[in-house]
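Chains: A, B, C and D, in written order; residue numbering restarts at 1 for each.
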């Protein structure tokens, strides 16, 4: 009773501090005992803010630490697979940021190690835990809107990352839309058969030089027949924009974006309200907490993880198919993607 | 001063009575002097309701009538071209329902006759006159949201037409989405380069038997780079659904659907409001009035028609391209379409 | 069949032209055959715009005209009673702007003349015919929200009238809030027992010099126990503001204000939409049509008028009670008001 | 650095557990070291849930405990004054639930003890810390809507408390509307001159037997001239309802109620969304955290408390005036209230 799961966190970059705060202050049954980052300064800053007692030198040290029962992997994507494999072998439960890897072989190697070790692995598709999207999923699952026929998922960032970030990230489909590929499968509750991807460079010509897009739409066709779109933009000047709508045989369900307050001013020139949440840290604070809460409970009470091995792998297949569709300017079936 | 434009109306079927009421009661400078329908009974019913003094036997009689200055062509699509040509030769101004024809040759023949006669022709893309879509167009044209990058146009009917209606109509792209092809050009203010169309049969298997779809998404790419989607469903159980959203370089603009009232009830199980307008007659009453008002003024005051020859023709090219894209399962450039 | 009711309209000032347009263009069964205004120029302008064939010299001439079956009285309030009495004696049906009179004696004299002549009288409480308020009334009448417990009626003008308008109008309670007194009775479906009125001068000190208020709240207590407020302001900088909300034993019902479009822009500094309708002419166009349509049908088909004699009188009693409450700084029972 | 303020909490009834969770899990700089409740069982339950190490027998023991630096007083209202006085004498900082007392003499005695001891006192007007109301306050303070002219504050509970709760609570004005009296002063930024109160029994006749109301409206007049209303109902069937609107000389500001999600379903019979938050614990979670965060920071960093002595006292004066107004059925000036 009142047992706490002892965590080690790897990576103090962009998402690492978010998970550190969550584990330190918002999940009562979690205890963050160590952090590691190759940039020791970054690790120290987070440790000070979140009262983390120990700062280790590397992810390997976290994995090797006997006090640690679970690792939160927040390091760059190309380190995920090795860390998962070694953590699994060390018998540690694993929370890993998305995507597991840009390579399906590496994903398969990771999942095999996790299976062999019998540890639990959850991937950071945090949006599944957002109350808006949960409510939409519930409506589809319960038949409240009938069979899904048509849908749109909108997902736009307030400003683009530095151009140097792009190539290592795998590009817009693997880095950004991978969340939306997961969301589509999660909401519709079916598997995608085919994608058609259209990318554009509308925000910054630098994206073209990096062989990437800053604007993209992917059209999906599900096995059950539903068709729909995902859209991404790297620049939504007014803030983060995350919405979905589904037309079903019995009705439509749609979620508005989220706003920090519900205040409306009727002024002399227009009726206005404050901008929506600026980015994912403000917008998804609660879902970062929920996903970690669910992970901790699943480990402590040996319950199933709500994000399966397929959930870790299929969005990457979809992203690779979208990239191929864009490269070859034709619709691509998911069955064409294998490495 | 206070001169009225004398109209003859051809076709008392679905849209004919709408225009008859508009001309009779809502456009002060219009005078509806005759109506013709092959089904004399239908013509009589409309004539009685709208105080139309004369009922003629055919469209040809309307065209030949010397009292009539302008004709409103509301008969089936395959009669449009011949009526336009003969009306133009008779020196009458022409308001014609969309589309002018399913055949580009026929459209070109019609436009040539109109040009030769120097009469005015307006096609019934009434949604351009809706205050919501006008406001969106104004925002794009004025630069209020910067350059359009990404857009979605949603257009869904409450229930499907009879299956027998489908083949003569040309199918979902020519019959239904033609309005949205026009809307996309109108709102973005640019020309489309390429389309990719995905159709599905989700509402009624009968659509498949008629070689048609009841659900469709078309992805458009504009010359200026903007990408976006149009979606259509033949069955939106809760009512008519007509919305657009555009993400521009400086902001986003979006229109909600229209509702008959602004009343919200907080009940014991949910917070609810009445359904939106059921279909186009309720939803677009005002825009049917506006388009006719603009047409009448353009004729009486010899001003330019706000819907050009290209506006009559290009949406049909887009619909044919969408059909080809769906048939051949690949993106199709508009330049591939010529007859 | 298709018979039209022949109207004479008295008064071409503020509301007269509104009713003239309604009768001329929007109510098919009405025929506006004559207009009179002491300012002949004003009468001519309206006649030209609305195709009214005859311009008479005075209200008396309208009343005396044998062709006219119904009169629309839009002249200043202090002329209403005499015109009603003479019109009734002449056997004409009467549509009269609110209020019938500032004096209960005059109202009683008018109602008696109407009763004696057996003609129909409808008072211009047009807001009862607005689809929003009708929907609220329907919810109360049908029990959808249970028994009304608590309510707020908000009614604010965009800008104040000229100060010279104030004294003859009877002040804010008789001129402006009289509409809201009617609305309260209409929506709740019960009679008021007591009022407490608080007035303030916040907009323009000139109101104080005219012994009037520009801002006021009246607290009402209904016989059935419900309590609620009416508020008025002469200056709502952003436009006309007309809303109600009722808390019932089973739920709450509320109406938003009305807006010319449903467009929302997410800009760089805020999320905004256009201002609401500026004033009553834009906001209540449809209800001006509906009230006249209902009046015309009631006369032509001899059906009951939906606004009774009591409906003409009680709001004035309430306004007089509100004024007394404000003057004597205490709650006033309606039973205290009699002349 | 990273110093924590050591709290003792008195009272494990309704609001006590809320503050216990806040101090235990959501305010990093707070440390909850002891709890006391006359009902030891209740204290134990909260202690177990919130990891509170020590359970003391009484508030006096908390006050006497040398480890404790600050007390959170959540016991019944009639115990507040004595606890404040003894805590102040013991040199402890004090967070006390509203109201400090139903008696002005007791409040004055408390404030004098606090002043004499030089400790800090904050009263639990948590709604001031809600992001919606803060945004409204900011708009008034910055002049964004000009000078406030007219306002409405709506505050309704989902269901009534047990009837036995009523008499000790002081009735609707002292127990429930006291929050709204504070909100009115806070939002308008001025002092009230006069109140007129109307109470009704619409929900449960038992309220009448307890000499209380379940429904009430109070009309306020501020020194600066603004007039407005507060309304309370003990039963808002659909959930907690907390909104305000202010009309200023330059515009209007209004806050919608808060909802757990932003999902809208267009179903076969209506367009609907989920009910709002059910009650204060869900609705004000964040503001309970913020008020405590602010208190802790004010103590640790010796900054001024944002709720002054007057803020503790004036809402009680207003509640007493409202009660007197209702009893004597007349407007009552605040200057009439003194004990």
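Note that in this section a residue touches a chain if its C-beta (ideal position, glycine included) is under 8 Å from a C-beta of that chain, and two chains touch if they have at least 3 such contacts.
The structure presented is a predicted model; accordingly, all values stated were derived computationally and were not measured.
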| item | value |
| --- | --- |
| Centroid comparison with subunit A (C-alpha atoms), farthest chain | C |
| Chain pair among A-D, B-D or B-C whose interface repeats that of A-C, sharing over half of the contact pairs by residue number | B-D |
| Distance between the centres, which are taken as Cα means, of subunit D and subunit B, whole angstrom | 58 |
| Distance between chain centroids, defined by C-alpha means - subunit A, subunit D (Å) | 39 |
| Centre-to-centre distance between subunit D and subunit C (centres being mean Cα positions), rounded to whole Å | 42 |
| Multi-partner residues of subunit B (each touching 2 or more other chains) | 236-238, 241, 250-252, 266-268, 274 |
| Complex contacts: residues of subunit A adjacent to subunit D | 2, 25-26, 28, 48, 51, 131-132, 135-136, 139, 144-145, 250-258, 260-268, 274 |
| Residue numbers on subunit A that touch subunit B, as the complex places them | 146-147, 149-150, 152, 154, 156, 196, 198, 200-203, 215-217, 219, 221, 225-229, 231, 233, 235-238, 241, 247, 249-252, 329-331 |
| Complex interface listing, subunit C residues touching subunit A | 236-239, 241, 259, 266-276 |
